[in-house]
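Here chain A shows up in two complexes: once beside chain B, once beside chain C.
Up next, the complex of A and B:
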C-alpha cells in the first residue's frame, strides 16, 4: 500500500499505566487488522452525510495474552459524531450501549480503540483519543489504537495505525492533547476472506456491479492461469540470463532458490504414475460397485419386508410393486401399512437414485 | 498521500507552552524562584505576546528570531528533563519537540535533544530509561520529513541507545523494520558512500552486540557494496573487507560465499592478505583436501583467524565438500566410499555427516544403508554457472508445458459439460461421460463398470 512510502520507526511504546500486579511494559506494539473490520469502516464511510468529511467509530478486537503486544482488530461499529470548527460531539451514550450489546454477543472481543475515515489528525482526534484511552469506559490501562482510513474517492485506501503518548506538562494541557505514535499494522486474511475479496473486486469494473459465483472448476482454471503467468515471468528472466541480456543481472542466490524450488517436484517414472493412477481408479470403482451392491440389497430387503405377505401368488406382488403408493398402503392397512407407505416412498426415490448416482 | 505532517497535537500559543515548559524545568531542577529559565525567558516571551496581540501584525521574522532565542535557552537547560519522573518524562519531551519543531532551525534543536537522550542516561528510571529514550527518539525520527538528512543522525543515535541497552526487545522490533527501509532511507536521505557505509556498519555492530551474527554479516556485506572501486585498496576498506570475510568464515550458517567473492574490496585482499583470500577461494569452490593442504602451509593464526574457529571451519568445509560431491554425482547416487574418501572420515561416520549436511540445507536425498549410497534429490551448487541456468530453464519449460496441458484439458471438459450438461439436470449423462473417460485410461476399470447399469436395471424392473 502507498502508506508504506513514508517510513517510520516503532521501537518502544510509551511507558503507560500497568494492570494491577504487573510491571508496566514498553514492548513495541503491532496491530493486525482483519478485512471485515476494514470493510465495515469503508461501508460506514460511504454512508456518511455529504457535508461531513470524516466519520468515526469503535474498533473491537483482542489483545494477545502473553504481553498484550499484538492487538487484533476483528470488527467495528459506527458511532455518530458532529464536528464544527470549535467543538466536537461524540454520542457517548450510544457508543456505550452498543459496546455492551456487542459484548453480549462476543464476550471475547473488547474495546481496543477507534477509527476515523480521514488520514488527517487534529486536536479533536487528540480529544477523542484521550476519551477512548481513558479510565472507566476507555481501554485503560492498555493503549487505545487509533486507525485512520483515508477514503477519498478516486484514490487508494490508506490505513495508518497509531497509539498515543501524552504531551504537555500541566494536566489541563495533557487532557486535550496527544502525541500520536505510528505503529506497524498488518492486514491479515485467510483463504476464504481472500476469495471473497477477489469476487468483490471482480464486480468492481462491471456496469451492473454483479458477478456470478465461480465454480470449483473455474477457480481451478484461474489458478492454473495464474501459475502459468508466473512461470512465464520466471522463464523470461531465466532466458534473459542465458542470453546475457544487459538488463537482467544473473543473481546466483535467486538461481539457487529456483533450483531448490524446482527440485521439490518428486522424480517419478511416468510408467509408475500410470500404474498408480490405474490402481487408484480400480479402487474407486470397486468401492462404488460395492456401494451399489449394498444399496441393491437394502432395496431388496425393503421390498421383502413391506411386501403384502397376506396376498398369495407372485402376480399380485408384482402388481403391488408396480402400482406403488397409496394403493399399497390401502391393501396393507393398519400399522404395517403406515410403515409400508414410508418405505414405499423412500423406495420410489431409491429406485431412481442408483441409476443417477453412477 | 503523505502521512499527516503533524502527529503532536496540542493547543496553545508558543508563548503559553514555552512558559509552562520553562516552569516545569525549573521545578525539576529545583531552582530558586526568579533565577530559573522561566524568569530568563519571561521578558522575551512578553515581547512576543505583545507583538502577536498588537493591532498591526509585526514582521513574522522578528517574532521568529525571538522565539528561537527562547528556544535556545529552554533547550540549553533541557538536559535536566532526564531527571524528570518517568511518568512525566515522555510528556515533557514531547512538548519540547513540539516547540522545536515549529522553528526554522529545527534540526539544530532536535540534534541537541538527541544528544541528551543518547549520551546521558535517564536518571529517574533505571529500568525503563532506555525505552523512554527510544520512545522519544523515535518520535523525533518520525516527525522529521522523510527525506531529511537529520533522520540519519537521529537513527544513529537510536542505534547507539539500542547498543547500550541489554534489553533485546528493541532490537527485535528494529530488525523487521530494517529490511525494506534501509535501502529506501539511503536513497531518501541522499547519503554519500561514506555515510551509507557507516550506517550499515553501525547496524552490523548493533546486530553483533545483540548476538545476531547472520544479520551482522548481511549488513557488513551491504557496507562493502558502498566501497567505490577506486578506494577498494585503502586501509579503511581493507579493514572492513577483512572483518566481513572473517565474519563469513566463522559463521557456521553461512555457506554461500559467492556474493562475497564478487566484491571489489574483497578482490583487493588478494594482494594484501593473500592467505585469507586463498582460504576464501577454497571455501567458495574447493574441497576438504585442498583445505588440509592449505593448513599445512598456513596455520590459522597466521591469517588472523582465531584458533578456536578451527573446528568449525573443518566442519564447514566438509559439509561444503558433500554439497560439491552431491551436485556432481552421476545418475544421482553417491556411494558412501566416495564420501568417506573425500572427507577423510571413517565409513561408519558417513551417515552422520550426511545428516548434518541435510540439516544445513545443502543437500536433500535418501540414505540407503542397503546399497551403501546416498540418493541425491537436490544439491546446492557452489558454483552457479550457465549450465545451472539452462537446467532451470529446462525444468521450467517442462512444468509450463504440463500445466498448459492440464489447463486445456480442464477447459475443454468444462466447455463440453456446459454444452451437454446445461440442459439435462440428471447427473447420469455426466456420470457416464466421466466413466467413459476412465475407461480410456484404465481398461479393466471400465469393464467392471459395464456390469453396473445391469444391476440397477434388475432392481428397477423387479
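Up next, the complex of A and C:
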C-alpha cells in the first residue's frame, strides 16, 4: 500500500468534490520537517504500548504566508488510539485538550496533520486522515499532511509524507476512503539546532549512546582534527597526481577546484598581519584580565564586608573577637566594606577606558 | 498506571532494563515518594538528557531569543542519575495591566516556572503525557541564557521552588543560546546546594549569619555533569542521514560546478561545526564587557547600600552611647540625691537600629562575575590558539616547513600553552581569594 520510495511524480493535486463557495488550494506542496518533530515521533514509537504495532499523533507547524505551498512541521505530540481488526478508536478528547495546551505554549503553531509510526496505509489511515483534514476541528481548507515513519525493528527508518484527495466510491464509503498522494519532504534544521544535532551525532557511534557535553576548546580541537584529516587526504591525492602513481587519476576540474580554494587565501602585508594580530590579542587578553580582576575585586570587597574583625591575626584571635559581640564586628565589617568599595571604585575607573577603547 | 511500567515490552528497541526495576503499578504519588526516599540515599550525581529534550529546548530558546524562555522537564531519577526524557515549554503568563503600575518590573517568562497559573498548566500537561507513556514526573525546569547571565534572583527562586515544594531531585537546565551559536552546545545542569537551601529557607543573609554559616558564593549552585543520550531508534535514524564525506572514492567530477553541487560534498548536516573556527571575536568581547559593566553597577549599588547602612548604624550607636552616658550621669546624680534610679535599658525602646540590607544579591552577583570570568578564560584559550594559527599560516616565512604542519604544531602548542597559562592564572586567583579569607 505504501508509496514507492524512490521517485514519484509531483503534480497539482486532483480536485475533489468541493462544497460550493469554498475553493480548496491546489498548489503543489512541499513539506519541511524540523528535527524536533521527527525526534518526538521516534520517541513516541519507543514508548508505544506493547500490543500496538503503530501509534499515531498530531503534527503542528506553520504554513508559508504567501501561497500555503510550504508546510513546516515544528513539533508533534502523541495521541492515544486503539486499533482492532474492524475498528479504530482515536482519543479525540485527548487530542483536543493537548492541542489547546500546546497552543498556550506555542501560540504560532497550528494543526497541520498527523503521523503514524508505520509505513502502512489502510482504511483506518483514510478514516483518520479524513478526520484531520475535515472541517471544524481539522485543517480544512488546507490539506492535512500525513507523515509515516516506519519504525520496524531491524530496518531503516523511512519517512514519507502524503496529502489526500477524496475518492468517491460510494457515498457510504466516502468517510473511510481517501487517495493518498505522496509529496516531497525535506528535513531542515535551523542555525541554532546545529550545535545540538552535532552532539547527537557524536553519540551515534558509541555503544552506550551517550556523550558528555564538551567545552569550547574541545569542540575546537575536534574541528581542527577534522580539517587536518581532510587536508591530509587532499595532500595525498595531489602528491599522487604529481608522482604519477597508478591508482590516482589526475582530474582537471578537481585541480581547478583546488586552485580556486587556494586562491582564497588573502595576500596581506606581513606588517599588517602582525599589527592586527597584536591588536586583537591585546583586546582578548585585556578583557580576560579585566574579568578576572573584577572578579577578584568583588570577591575581596564582599569578603571584607562579611569577614569578622581580626586585624589579620591568627585564627584564635579571630574567634576571640567574634565572641566580643556581633555589633562591634558588624561595624568593623561595615567600615572595611567601605574601604573595599573605595578600591572597587578606583579599579572601576581604571578599566572603563580600555573597555570603551575596545 | 500500567503505562509506565515498561512501555517497551515485546519490542525490539529495548531501552536498558532499569525501568523494569521500577515498581510496576500503583498510583504515581506512591512511586514519587519511593523515588524521593531512594533519592535521599543516593544524591544526584549526573544528568542524562535525551536527544529529543536537547532539540526541544534549543528550539524553544532560540525562538524566544533574546528574551528568556522557560519550560518544564519530565523524567525519572535512576540511582542518582537524573534521566530527562521529555520537556515542554511553559506559556508566558500575561500579568494584569494594573501590576505594571506598581512599578514592579517582573520578567514574566523568567518567573513562569513558579507562577501560580503555570502550576495548573504543568500538572495538566504531565497528566496528559502520562496517558501516552511518557515519564510523568516533574524533574525540573529549563531556561535560556545569554552569555551565561543566568545567576539572578529569578533563577534562585525558581529552583528553590522546585527543590523545596515539588521534589528534592530536580535540576535546572541552562541553555546558553549565544554561546551555542558560536560553536559547541552549551547546556548545563544546576542545583541549589543543601547549605544554601537551608539559608534561603530562613532568608537571613546578614553579615552575622554569613559569618556563622560560612556560606560563600561558590556554595550557592552545584553543577552536575550533563550527558546526552540517544534512543536506539534515533541512533538508527542518525546513521541513515548523510554524514561526513564518504571514505570510498566518488565518481570523477567533470566540471567545477559539478563539485560544488554534488550532494555528497555539499550537505553533511551532522558534521562537526566549523563555526568554532571563526575568528570573529568582537561580538563576544563587547557583550562580555557589557555584562561585566552591568555586574559592576550592581555591585556598586549593593556596596553603596551596605555602606549607607553601616553609616546609619554607626550614627545610631553613637546616639545610643550618648544617651546611655547621659542616663548614667543622671543616675549618678540621682544616686547621690537618694532618688529612685531610672532604668538604663530604655534605649532599646527609644532607638531603632536600621535593618541590614540583604547580602544575597551581592553574593549572586559575585557568582555571576565568576561565571563570566570563567567563560572569558575558556574563550581566550580557544581564540588565542586560533589567532596564532592564522598568523603562522599567513606569515610562513618564520622558519616553518609547511603550512599544514605549521598550523598543526602551532595550534597544538598554542592551545597547550594557553591552557597552561589559564590554569596557572586560576591558581593564582584562587590563591588570592584564599589569602583574603583571613
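The criterion applied here is as follows: the second predicted complex is superposed on the first by the 211 of 358 C-alpha atoms of A that agree within 3 Å, B and C clash if a C-alpha of one lies under 4 Å from a C-alpha of the other, contacts with A are read in each partner's own complex, and residues count from 1 in each chain.
Everything that follows uses one rule, which is that a residue touches a chain if its C-beta (ideal position, glycine included) is under 8 Å from a C-beta of that chain, and two chains touch if they have at least 3 such contacts.
Note that the structure is predicted; figures quoted are calculated from it, not measured.
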Looking at A:292, would you say it contacts chain B, chain C, both, or neither? Reply first, second, both or neither. both
Between chain B and chain C, the one with more contact residues on chain A is chain C
After superposition on the shared chain, which partner residues are touched by A:40: those of chain B (first), chain C (second), both, or neither? second
So, does A:170 touch the first partner chain B, the second partner chain C, both, or neither? first
Go through the superposed model and pick first if A:123 touches only chain B, second if only chain C, both, or neither. first
Which superposed partner A:136 touches (first chain B, second chain C, both, neither): neither
Touching both chain B and chain C, residues of chain A: 217-218, 220-221, 224, 227-228, 231-232, 235, 253, 256, 260, 265, 277, 281, 285, 288, 292, 296, 299-300, 303, 318, 355, 358
Applying the document's contact rule, which stretches of chain B touch chain A when the two form their complex? 1-4, 6-12, 17, 20-21, 23-24, 86-92, 94-95, 98, 125, 128, 131-132, 134-135, 138-139, 141-142, 146, 155, 158, 162, 169-170, 173-174, 177, 180-181, 184-185, 188, 256, 258-259, 364, 377-378, 380-381, 384, 386, 388-393, 395-397, 399-400, 403-404, 406-407, 410-411, 413-414, 426-428, 431-432, 435, 438, 441-442, 444-445, 448-449, 451-453, 455-456, 458-460, 462
Under the definition above, what is the set of chain A residues touching chain B in their complex? 2-15, 24, 26-28, 119-123, 125-126, 150, 152, 155, 158, 160, 162, 165-170, 173-174, 176-182, 184, 217-218, 220-221, 224-225, 227-228, 231-232, 234-235, 238-239, 241-242, 250, 252-253, 255-256, 258-260, 262-265, 267, 277-278, 281-282, 285-286, 288-289, 292-293, 296, 299-300, 303, 318, 321, 351, 354-358
